[in-house]
Every structure is written in structure tokens, then in C-alpha cells.
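Below, each structure is written out as C-alpha cells.
Each of the next two complexes has chain A plus one other chain: chain B in the first, chain C in the second.
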Partner chain A sequence: MSIPTLKNLNIVQTVVDWLDERVPLKAAVEFAGHKEVPVHKHSIWYYMGGIAALFMGIQFATGFLLMFHYVPTFEGAYASVQAINMQVPFGWLIRSMHSWGANVFILVLFIHMFSTYFMKAYRAPREFTWLSGLGLVGIAMVFGFTGYMLPMDEIAYFATKVGVDVAGESPFIGPYLAEFVRGGSEIGQVTMNRFFSLHVIALPLAMMGLFGLHATLIQLQGISEPESIQKLPKAERKYEKFFPDFFKKDVFVWFAVFVAFMLVVTMKPWGLGPQVDPAAMAPIGIKPEWYFLSQFQALKLFPAKILFFDGVHVAMVFIGTVFGSLAVVPILDSTGKIPFISKFATVYGVIFFIGWLFLTIWGSL
Partner chain B sequence: MFPVWEVPNIGSGWVIGLIAVLHVFISHFAIGGGAFLAFTEQLAYKKNDDRIYDYLKKHSKFFLLLTTVLGAMSGVGIWWAIGLASPNGTQTLLQNFSLFWAVEYIFFALELATFLAYYYTWDKLDRKTHLKLAWIYIGISYFTLFAINGILTFMLNSGGWDFTKGNIGDAFFNPSFWPALGLRMFIMMALAGIYAFFTLSREKTMDLDVKAYLLKYSAKWLLPAVILGPLFVIAYLFTLPEPTQQVIINGLSTIGVGNFSIMAKAIFMTMVFAVGLFGMVLAGPYLNPRAFNTSFAVMLLAAGFGFMFTEEWSREMMRKPYVVYNYMYSNGLRKFEVDKVNKEGFFNHHKFAGAELTTLKPNDELGKGQLMFRYQCTSCHTAKGNGYRSMKVMLATRDKDAIKNLLTMMKENHIVDNKGVAKTMYHGYMPPVVGHQDEIDALATYLATLNSDPAKTTTAKVESSNS
Partner chain C sequence: MTTEQDSSKTNESQNNPQGGYDLDSPEVSFGRRAFFGGILAVGGGLWALLVAGTPILSFLWPKKSEVVTVTEMTFEKNLKDFPIGESKNFMFGSIPALLIHDTNGKLSVFNAKCSHLGCTVGYQKDKDVIYCACHGGTYDPNTGKNIAGPPPAPLKPLVADVAADGTITIKIA
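For the complex of A and B:
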């Protein structure tokens, strides 16, 4: 670095240079610019990962703030959430953002998952990007489940109870699993401790770690192109640098999505039901959150007994297999060179998507 | 008094609101966009750059089509809508400002004529003369802004103006006049920039460097709003009536439960839209003009419309429950008449309602109550369904006695002690219910039938827990 004289002193440049000698800034920017984003008519799906990242950020930030006032006890939780909603300045806002955000986050993840699936972005060398992504959806859904219980209003309590009871129906391990999750035979303070520490410590760490892997892989491998674009002659394929070009578009879209999000958050602030009375009967028609509805509905469709097996057990194995197939089918199609498997993956995806949508809607009726 | 206009389910408020905001969104462009044309033409003249001239010709065509066709249609739409929904409000406005409206119309005609002259002489006049036309257009359109601003601010904040013998000049230059004028100007300039993004994004043949240059240039039209806007907002808030200020401050931090939650929500969203627009313009046309396309431009227009909507809506809410502050309520009731109507009885006082009452059977409590509701509440509420401020939803589980209590409270709505502290929590957003006790009881009877299905009310309770 040359010593600045009064004549050529440029403050910004000097600071940047000083920093760059200690922290490899320019190398980082160059690394980020190294990745190229294809520009074509399906490019809109490339925003989904970024939007998911935005909501991950919103969840971490608002969750952190909620912890300033939330009291994780079986008896005190409800009152603390009530206070957040009514007394804490802007508490209503933070809570509404966190609760709506959880739902929008998962919705965006589903869109991201299906779009990368249908663009066949999971193909070699991106198998681990896909698998880490699946892990992230899984974590997000557990986030949702554990978070849902925390306000301890009527629906929170009973939806959790139903959820844990369903898990308890899994073959072989079911009862042990339910017992372990509850920390006893009933939902109580110990359950709360477990849900809370999962929700605020274990899951965030897992999500950050897995997202780190996901993002690093993407950075190293670049963004894939769908087949239809790969077939085009080189001259017709356009690219732009991820940083700063695509990133600025990302930021634009973030602001747009954020405003739309805040519209819902503000106009329909997240409510709080009546306080739970665990001794009372569960109100009729308790349903899980929408992202568990497809599984919930599927469960109901199985008869009580199938041959020698319990219907529920068969159902649990079936549902597990269907969701597990999301990790298997893309791996089978990872070369993309076997036309039959490639076709099969597409058709399978369509059936999965329609089935999932259908069951979710049916379940909500 | 006139009959009341009813729009099933959406409620007349929303209809007026949408048409009005569309009109505002366009008519603000007629002024801000005019300034944009003039300043940009000045720039083209100075640089002697044909490429900017070419763009301005296209932009002015867009301007002409939008402001005349859509602008005029929505303008007529507004009068039609407020005329029907609140004839008394319109009457007061016309009476007090007839001179201004007349002048306004003359200026509007002048504005249009000047713009037509401007538009059709692009290639006929020499550049210097043409530029002068642009400045004349600004002068005229700026005057319309001036006039409209006086009227709108008066409706929100009539100060201590006396309706019988006050001086019209004092009404016009009311305390909010200057801050509001500044704010409108900044908003108009910002909108001019946003519309320019749109026409620029449609340019397919333009030189990319010129396009990038003009996008960055248009982005700078948002600067006054960004830098001076917040200061003027604060100044403006200080000129509002004290109770309105209080409601805003309390409402914002406790939006979920505050009495005036809707107003607080509208104000809050206005701020969110402003911040969002700022971020979008910065990341989009300003920092990344080369990647800018029509999708981004449409998103910016949508955000701009959202801003206008929430901003105008906040202004409307601040004036609730009045149409003309401290003088006439949204349902047409005049403040000074309240005691008189309570003494005379509502149906004796209100000719149209009274006439309709005679068409009912003598003991039709329900019909009478429904009439009360039509005339006193529908300017802000729908009855059934999940529509705009639906009574069915808001009353939920309340039974007839609870509703009677509520109406009794609403009757005392306008009573404040000498410090301005209200006697009831409904003060500040609903007009008082007026009429004899039996008339009010009929209203209670009617309201109680809206939710008489007990099965429905219990499920509503469970569902409301996560919404």
C-alpha cells in the first residue's frame, strides 16, 4: 500500500485498502462475482432461494427479540405472550412478523424445493445441495411444530397434543418417541423445556450449519440451467455475475417481498386464543398447521386394520416412504443420462405435487 | 337530507377509496409529471441531445393518455361516488368552496389546453418556444395543486373556523396548509420518477447508456421525498388537532388492541411502503439501471400505488368520524344537531328516513332498526358477511343486552370534558348514535339478529384464536 499524501488522499479507498490488507475483502468480492447466474425466461425461480434466506433472517431477528419478553414456563407462557401482544411497545409487530414469517418461510421453501426439482437442479454435481435443502425443509417444519406450542393458548396445546400422539403411533419406536418428546406421559413443563431448547438453540444451530453448507456448495458450483436452456447454442445463453449484478436484483425483490409481507403482518396481526385448560376436553376440529395437513389427511384415509397390521402403522410407513422418496428419486436421476428415469422423475414429481396439494386443501376443509 | 347509498358487502367506503386513490395516483402525476417533462426538456435543451428529446415525446404521449382518459374517468367517478354516499358532505364542500371549485375547473380546462398545445407542437415549434410551453403548463397545474390542497387540509383540520361567519381565506390557509403542500409536492415528484421508470422500461430501441443515464436521473426525483419528506411529516403532525395526535401516538405502539387500530395500521403501512420504495429504487433503477425491466417497473408502480393508498387512507382516517372536521360526521349528521335530533327523534328529524319508515308496518321493530343502521352506520360498516368492518363479525358473541349497553355508550360519544378527554372509548372514530330511546332499542334488536345462530358463534371463537 502506498503511503497517502495529502494530494492523493481518498478516504474511502484508504480505508478499503487498509481493511483489505487484514481481511481479504477484494478476494471475497471476487469470489462472489465468480459465480454466474444464467439469464433466461425461467430465471424468476432463482429468486426463491434468496427470498428463503430473507425469511430465515427475519425469523432469527424477530425470534431473538421475542425472547426478551417470552417466559418459557407452562404457567407463565400465556401471560407473557399476552403482554407481548398488548403491552410491550411494538411487541404485536415482532410477534406478528415471527408467526406469519414462519408460515411464509415454509411456503417459500416449498416453492423453492419444487422449482429446483422441476428444473432438475439436483443433478450431478448438485446432489448434496439438494439433500442439504431437504434437510432445511425438515428443520423448518420442526421449527414450526415446536414454535406452535410456545404461546400455550388452547389451540397451541391441543395441536401439539395431537401431533405428539400421532408420532406415538409410529410402528415400534412410536410410544418411546412420544414419551421422549413429552418427557413423561403428559404434556407439561418438561415438554415445554424440550420444545423451547430445540426451538431456540438446537434448531437454529442446525439450520445455520446446513445453510452454510448449502450456500457454499452453490457458490462453488454455480447455478444450474434447465435442460431447455442448456440445449441452446452458446451465443444465445446469457449470464450475469452473482455479485454485484444479480445480488442487486435480489435486494430489489427483498424489499418488494418485505412490503407485501408487512401488509399482511400489519393488517392481520397474529392473534392469541383463550388460555388453555389442559383438563378440559379438546375443542372439536383441532387441526395442525397447514404444512402438516397433507400428512394428517393421508392418515385419516387408512382403514383401522390392513391384513395383520394396524392401519396407522401402515399409514406412517407409507407417509414416511413418500416423503423419503424426495431424497431418493433425484439421486437416481442424478446423471440425467437415462431417459426413462429422467421421465419418471418428472412424472413422479408432478404426481407428488398434485397429491400433496390435493391432500393439503382437502385437509383444510 | 338525502337518501343513503348502499353497496352490499364492500361498503361504500372502499368504493370511494379505490376510485379516489386511483384518481389521486393519476392527478398527482399530472402535476409532478408535468414538472418532470419541463425539467427534463430543459436538460435535453441544454445538452442538445436528440435522444432525450425522443424519449420525452414518447413519455408525453403516455402522460396525455393516462391523465386525460383515466384521470378524467376516475375524477368523475369520485364525484359520483361521494355524491351518492355522502351527499351532505358534498353539499358542504360545494357551499363553502364553490368559488374555489369554479376556479379549479377553469384551471383544469386551461391545463388540458396547454398540454394539448405542448404535445402537438413537439416538431412544429422551435425548441426554445416549446420549452416555454412546458413551464406554462407547470405554472397552471401547480395552481390546481394549491387549490386542492387548501380544500383537503380544511376538511381534515378546520382549526377554529366558524362555519357561519368565518373568513374563507382562513379556512383555506388553515394550519396544515403549508406542511401538506410540501408533502404533496414531494410525493408528486417521486411519482413522476416512478412513472418515468415505467416508460423507460418500455424503451426497446433506446441506446443503453442513455437509458441507464435517464433511469438514474429519474431516481433522483425521489430525493426530496427521501430527505425533506420526514421533516415535513413531523411538521404536519404538529398542526393536527390534539386528539388526533394522541390517537396516532398511542395507536402505533399497541396496534393489536388500540381503539384506533385501523388508523394506526394505515399510518404504519404508509411508512413501510415509503421505506420499501426507497430500497427498491436504490437497488433497482439507481444502482442497477442496466438490468431494469418492465417487471421491476410494474412492481415499483404497485408499491407507489400502495403508498398512495395507505397515505390517503391515513388522512381519511385522521378525519374520522368527520367528513369535515368538527362539523359534519361521515354519516351526514352535523355535530351541532346532535342534541336536537336526540330530542326530536331520528325519524322526525330525517325526512328521507322518516318517509321510508312510513312504508313499514306499524310495529316492525326489525325494519325500523335496519333503517337506523342504514342511515347511521353504513357509511362505515357492512351488516352481514365478512365485508368491510362487518357488524356481524365485530359484534360476534354479544347478546342484545350487551349491544344495548354499547349503543348507550355510543350515544355519549361526543361528550368530552373540558380537557378534551372523552367519556367513552368510541370517541374519535364513531359518530354518536342519535335518536329517541325506542329508536335506539330498535337498532339493538336489529343488530342482535345478525348473529343469532349460536352454533356459528362458538366455531368463530375457536377459529379466531389463530387469526
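For the complex of A and C:
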């Protein structure tokens, strides 16, 4: 770097050059520019991952803020959330953003997951991108489960009871697992400590790590094109640079989604159910959050006994297999060269989606 | 019949006419190095898992809870104030319990933990059943037997004794 004289001093350029010698800025921008986004009629689905990342950011930021007022004790949690909602200036806004944000985050993840599934973006060499994404959906659901215990209202208590007891029905290790998760034989302060430290330390770290892998793989391998576009002659396929071209549109979409989100957050602020009374019966009509409704409905449908087995065990095997298949079917179809399997994967996806939607709607009635 | 093993032996003896292993040959030393490296990696990994895992698991493992086990308690109401059809959810020590003055005029009392997935059940007077709102389990209010929905077993019974003055005492069965 030549030493600038007063005459040719360009401060911005000097600072950039100085930084670039120490931090490879230009190389990073160039690396970001390597990724190209295909432009075609299905391109709208490419925004979903970015929107999900936006909501991940919203969750981290609002969660961090909530911790300044939330009290993670069995006795004090409810009152502290009530205070956040009623007394802390703009507490209602931050909490409403966090609770709504959790739901929208999971909704966007589902849309992102189903759209990449049907565009068959999981095919080689992107199997790990698919699996890491699936892992992120799983982590988001555990985030939801641990999170909605924290306010200690009625639904918090019974959802936790059911969730832990489901784990307790696992073969062999079930009772130990339930005892371990609960930290004892009943839900109490120890359970709360466990859920809280998972929710604010372990899960965020796991999510950031897995998201890092997911995003790096996409950057390295580029964005997948659906088969119908791959078949087109080269001249008819259009691309744009991710950075800065697509990124500018991404920012616009984030802005639009954020405005719509804030409209809902402020017009319908998230409430708080009645405080839990461990002696009282589960309230009539109690339901989990919408993203657990399909499992909830399935648990209701299985009878007490199926042949020699407890219905709840059969239900768990069923639910586990169905959700586990999302990791298996795409891998079977990873080459995309076997027409039968390719067709099967599509049909399976359609059946899965309709079944999931049907149980979710039924569960909500 | 020439198996892969046979052909590799032939190769070795060609490399080393005196027989035995030529320890200086790069293939052999690589093989040995990889072998010991592998053992070191697996062994080291297991060791680290044990050394780190034991204290962490022990630290997290729930201690034996010092639950004060209640064996007997006096119910908050006298039988005179608890007519037929009345029911009450209450805590019996650390467990939720349900007392019903059932249609036969008998007092039935149960551990109110649903045998399906542990929600707290309650008495529905209009339908004369014990009902779990979580997944729709239904029990007979006289016997605690599971009669509909997913519960795999009856409710666990407790015992209600009534003294001459109408005082109700709840005991473990």
C-alpha cells in the first residue's frame, strides 16, 4: 500500500484498503457473488429461506430482550410474564413479537421445507443441505416446546406434562428419559431450569451451528433448479447474482414481510392464559400450538389397545416413522435417475402434506 | 480359487523375498500407522467421552426427590357439604387427586393422573364420566375403569373413609 499524500488522500478508499489487507473483505464479497440465483416462474420459493433467517434473527433479538424481565422460577414466571405484558413499557410488544415470531418462523420453515421438497432440491449433491434443514425444523419445534412452558400458564403446564410423558413412553429408556427431562417425578422448578437453559443457551447455539452449515453448503453448491428448468436449453435459462442483485430483492421482501408481521403483532398482541393450578383438571378444549396439532390428533385417534400393544406406543412408532421418513425418502431419490422412486417421492410428499394438513385442521376443531 | 487375501499375500512375498513383513515398506508402515492412529482416535474419543460425560451426566441427573409421601389426609369438606354428584380436584401430597360423590351415593377417590399421557382428569357431572380433556380419555366414575378413548389402564384408586361426624379421610389404597 502506497502512503497517501495529502493531495491524493481518499479516506474511504484508504480505510477499505487498510482493512482489506487485514480482513479479506474483497474476497468475501467476491465469494458471495459467486452464487447465482436461477430466475424462473418458481423463483418465489427462493425467498423462503431468507424469510426464515429473518425470523430467526427476530427470535434471537426479542428473546434476548425478554430475559431482562422474565423470571425463570416456578412460582414467579407467570407474574413476570404478566408484568412484561401489562407494566413494562413496550413489554407487550416485545413478547408479542417473540410469541408471534415463533409461530411465523415455524410456518415459514414448513413452507420452505415443503417447497424445497417438491422442487426436489434435496437431490445430489445437496443431501446434507436437506438434512441440516430438517434438523433446523426439529430444533425450531423443540424451541417451541421448551418456550411455551416458560410463561407457566395452563397450556404451558399440560403441554409439558404430555410432551414429557410421550418421551416417557419410549421403549426401554422411556421412564429414565422422562425422569431426566423433568429432573424428578413431577414438573417443578428443576424442570423449569432445564427447559430455560435449553431454550436460551443450548438450542440457540445448536441452531446457529446448523444454520451456518446449511448456509455454507448453499453458498458452495449454489441454488438448485427444479427439473423442468434444468431441461431447458442453456440459452433459455436466466440467472442473477445472489450478491448484490438477489440480495437487494431479499431485503425488500424482508421489509414487506416485517411490516405485515408488525401489523399482526400490534393489532393482535399475544395474550397469557390463566395461571396453572396443578390440582385442577386439564381445561376442556385444551390444545397444543398449531404445529403440534397433527401429532396431538394422532394421539387422540389411537385406541387403548391395538392387538397386544398399547395404542400410545403404536401411535409413537407411527408418528416417529412418518416424520423420520422425511429424512429417508429424499435420500432414496437423491440421484433422481430412477423414475419409479422419483415418482414415489413426489406422491409420498403429496400424501404426507395432505395427511399433515388434514390432521392439523381436524386437531384444531 | 484366488481370493483377494491370497493375492495380497502373494504381493507381500514378492515385495519381501525373505518372508515376513518389510517394516520399511511404505504400505506396511502406513497400514500400521493408520491402525494405531485409529486405535488412538477411537480410544481417545471413548476416554474423552467417559471423562467429560461422567461428571456432566452425574451433574444433570436428578437427585432422589425428597418427596414427603402423604399416606393420609383430611378432606377439606365434611360429607354433609359434599352432596351426591359433587366432585373436587385436590392435591394429595404431590399427586393430583379427584374425589367424587357418585350416583350410587358412594365416595370414589382416585389418583387424577390420566393413564394415557399424564394430564389431570376431572368429573363431568352431566355425562357422569371422568374425562381427560387432553386427548379425550374417559373413565367410569364408580370404578375408575378406562371406558373410552386412548387410556390404556384404569385410574389408580385411593381410599375415602367417612367418620361418624361426616369427616372424610383420604388414604392411599
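The rule we apply is simple: the second predicted complex is superposed on the first by the 364 of 365 C-alpha atoms of A that agree within 3 Å, B and C clash if a C-alpha of one lies under 4 Å from a C-alpha of the other, contacts with A are read in each partner's own complex, and residues count from 1 in each chain.
Rule of thumb we're sticking to: a contact is a pair of C-beta atoms (placed from the backbone, for glycine too) under 8 Å apart; a residue touches a chain by one contact, two chains touch by 3 or more.
These figures come from a predicted structure and were not determined experimentally.
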> Which partner does A:285 reach: the first (chain B), the second (chain C), both, or neither?
Replying inline: both
> Is A:185 touching the first partner chain B, the second partner chain C, both, or neither of them?
Replying inline: second
>> With both complexes overlaid on chain A, does A:142 touch chain B (first), chain C (second), both or neither?
In response: neither
>> Under the stated touch criterion, which partner chain does A:249 make contact with: chain B (first), chain C (second), both, or neither?
In response: first
>> Just checking: does A:203 make contact with chain B only, chain C only, both, or neither of them? Give me first, second, both or neither.
In response: neither
> Once the shared chain is lined up, is A:303 touching chain B (first), chain C (second), both, or neither of them?
Replying inline: second
>> By the touch definition above, which chain A residues appear in both interfaces, chain B in one complex and chain C in the other?
In response: 283, 285
> Okay, in this complex, where on chain A does chain B touch?
Replying inline: 85-87, 89-90, 92-93, 96, 153-155, 240, 244-245, 248-249, 251-252, 254-256, 258-259, 262-263, 266-274, 283, 285
>> Under the stated contact criterion, what part of chain A meets chain C in this complex?
In response: 158, 161-162, 164-166, 168-169, 179-180, 182-186, 190, 278-286, 296, 299-300, 302-305, 310-312, 315
> Which bits of chain C are touching chain A when the two form their complex?
Replying inline: 60-62, 65, 67, 89-91, 94, 96, 98, 112, 116-122, 131-136, 146, 149-152
>> For the complex, give me every residue of chain B touching chain A.
In response: 253-257, 265, 268-269, 272-273, 276, 279-280, 283-284, 287-288, 291, 296, 299, 303, 306, 459, 461-462, 464-467
